[in-house]
């Protein structure tokens, strides 16, 4: 049986207009839900951004003694330059280390104040050709005995731990986003269910007049889809607005600088919301309708 | 066209709305279903459209046993049967014209058919000037006429009418009965439950009388009592 | 008891459901409201319970002008008036006994009164064995009787009945009319809209006939036409 | 007019039972909403807990040179002990400073590794009798010129900045909780509104039979209250459960240690939820009902 497009458009439009109370309620519920999911996803993105700079390619660090002589530093540098297993390295002098330290711990000013540049060790940050843990560890140990070297630190022991903490936080926020998503789906399904309940007489009558299930279902499903999409647009506007306000005002606090979520990343979030809106709106309506069409 | 074989319908609480009822209604017949309130008239009609499933017995509509009809086929059964409901059952959020048009759209009639048929049938039941009213803006009799228009509009094989004149004044009732008679003459089988002694006695058609679920009389060219 | 002074009710779309209607109904009268479908009978009754507000004119019920009744007083007006609605208006999620009891509880009757009155009135309308049924488990006539029971149960000053026999067979109708007559003899004013020629002609009470909103006849001891 | 208790109880109970679809939908919506609000409040509590130990009574810190002599330390200590304007002070030696450093930056192991105890300055943490900023600053400056003292740091410059960051995060989470709370209120109001919409015929009939507004309203309001309370109980169970799981498993990661929210604090959150449930459930229903009772 052919379902005519104009029937669907008209029927859906009428349902939306004539049950304006329900329409507003459903759209609001979906908008709020999706806004919460979107916020969760964006916070997660922010946390990831903040941790990104810890995830560079540095594989081990050679810390010199703060009072190592220039010759000692030079000899290590020569060694690094001539070793074919070293892909790249950078020397970070005491001033640079201090700057990094200050930046890192700008939120702990008493720590910053307690340390001077000359207390901090200069270091080489080394990227080997091979990233295998054993290989890197072997390679790094070669430098441990050299004069002026205080300690060699491996990614496995340090950066990876930083990353682990980052992952923990990131996972926490992801869990939060998933909880919100589940909550949103539940809420949307509930909304549709209540909308169907409110119109149980209508559905009953349609069945009595000989309408097939698909004939009754499809306008309701389209209605769910429209609810989802309108809710999504509202949620997306709130997210973009929220992002703009936050990145203008709040995030110029230095420690939160890296937390900024870009407009592009916001778009990705909105895409996710669009998907959720379509899937939950359509599938949800379909399930809810079938529940009430079962004679 | 319609055949009941020892049909019983027992509702919960041991209410026998229909008890061992058998009847055979031929194509083109006009049958009055009479009996006191609660005697099972509406139940009789609801069994024919599969709104209810019989507790015992077999029902055939247009030669098909509707007892083992799979769910998805029920709409197609109902399309062959026009129903006028005792409580109208209009869609509250559609206006009069849309309520009637809906019955045509459901069975996939093209737009131009809908556009010509709907005003014609509204004219017939005398509601042309109420086409844009919502059901709650109609008088009881007007709602009943919309219900009749909706049942007629797709020219079904069978027409079931549950007290279609219950809320109508005598003059309008006569008009409706003339309409039903005309429909019946085109070959449509009509089964009508009614309390209207005047109508039954004037029309002199087959009368099936129910009493506490039992068929106590089945008389060609009968009267109300 | 009831007085209309040049009352008009114009619905949107310029439908004059009532036009310059004046009538004076004394305490204890029994009045039939007749007229074709859509002539304004239900509108007449709905104006008395403030379901609708007149477009023009004044309405007095029990000596009070109900035109300037403040909103919160409307429930108290309605408690003096029992209404039988054309479409029953039963609470779908309460059973028969609860639907009737509700009308008593609303006006704060003590529990023991409810407990004795409800079974008594159900007995009277012949629904004792359906007390525990939900409205959708009743036949049309049974629903109508529940609606009547609910309107009667608190012995109102005025009883308005909108086609209370529309869905009833002649025998039950006669029973209901006897009941209404009895109620009327206890001093209750009864106004009943009806299409039932037989009843009007048998009872020979005051008849007000409406036609397209106008009162075209107001006759003591009248007939249907 | 007396509203009989048994009428109310029966009526509310029937509404709840006979519209089970609506009841389940409403309770779920409220449970989800309150759970989200509760989570927001608990995260905020966690963040506050984590920052608490930075909010001690230390008003200024005298950092000694890492190579200050014992006599120099002793002379400062004598001075502190004899000054009547000093309420209390603690000496933190290099080992303790190192321990604190390690604990603080356990998530930055390469920093920890780069610093040895002897690089770090021992310090006096001093609590003056008067907390006025000018007074403290005056007092602290007295020690700046003393032998062996590297620097004096004031709360105004350091701890207050830490507190400020803490406040930022805390505010962020509070804003989140408020957003969730608003969302929850909206959702609950919507739910009630839809429930009323689904039963508009019932309300209409009650009015026709002569029921006063309060007679119709109160059962609906009680129903809203029951929805709210049941939803609250579900949300509270989820919060307690979630807290238990998290503090057992996730939070034994050292950095998150201070984040633990105690059972008592959870109870406070639940109390807030209870309040929200009662207020939103009751007031929401009241508003929703009055909207539909207005003739």
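Lettered A, B, C and D in written order, each chain numbered from 1.
Convention: a residue touches a chain if its C-beta (ideal position, glycine included) is under 8 Å from a C-beta of that chain, and two chains touch if they have at least 3 such contacts.
Since the model is a prediction, treat every value here as computed from it, not as a measurement.
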Neighbouring chains common to subunit A and subunit B, by label: none
How big is the gap, in whole Å, between where the Cα atoms of subunit C centre and where those of subunit D centre? 61
So, what's the distance in Å between the C-alpha centres of subunit D and subunit A? 24
Mind checking the centre-to-centre distance between subunit B and subunit C? Centres are C-alpha means, answer in whole Å. 28
Hey, how far is the Cα centre of subunit B from the one of subunit D, in Å? 66
Two or more other chains touching the same residue: where does that happen in subunit A? 19
Considering only which chains touch which, how would you classify the arrangement: line, ring, star, complete or other? ring
Complete list of chain pairs which touch one another: A-B, A-D, B-C, C-D
Which subunit C residues qualify as touching subunit B in the complex? 11, 13, 34-38, 41-43, 86-88, 132-133, 137, 139-142, 145, 162-163, 166-173, 195, 197-198, 224
Please name which positions on subunit C make contact with subunit D in the complex. 49, 51, 71-72, 74-79, 81, 83, 85, 89-94, 102-103, 105-108, 111, 150
Write out the stretch or stretches of subunit D touching subunit A in their complex. 19, 21-22, 25, 28-29, 32, 35-36, 39, 61, 63, 66, 97, 101, 104-105, 107-111, 113-115, 119-121, 123, 150-151, 153, 157-159, 161-162, 165, 168, 172, 176, 179-180, 183, 186-187, 190-191, 193-195, 197-198, 250, 253, 255-256
In the complex, go through subunit D and note every residue touching subunit C. 1-2, 4, 6-7, 14-15, 18-19, 201-202, 204-213, 215, 295
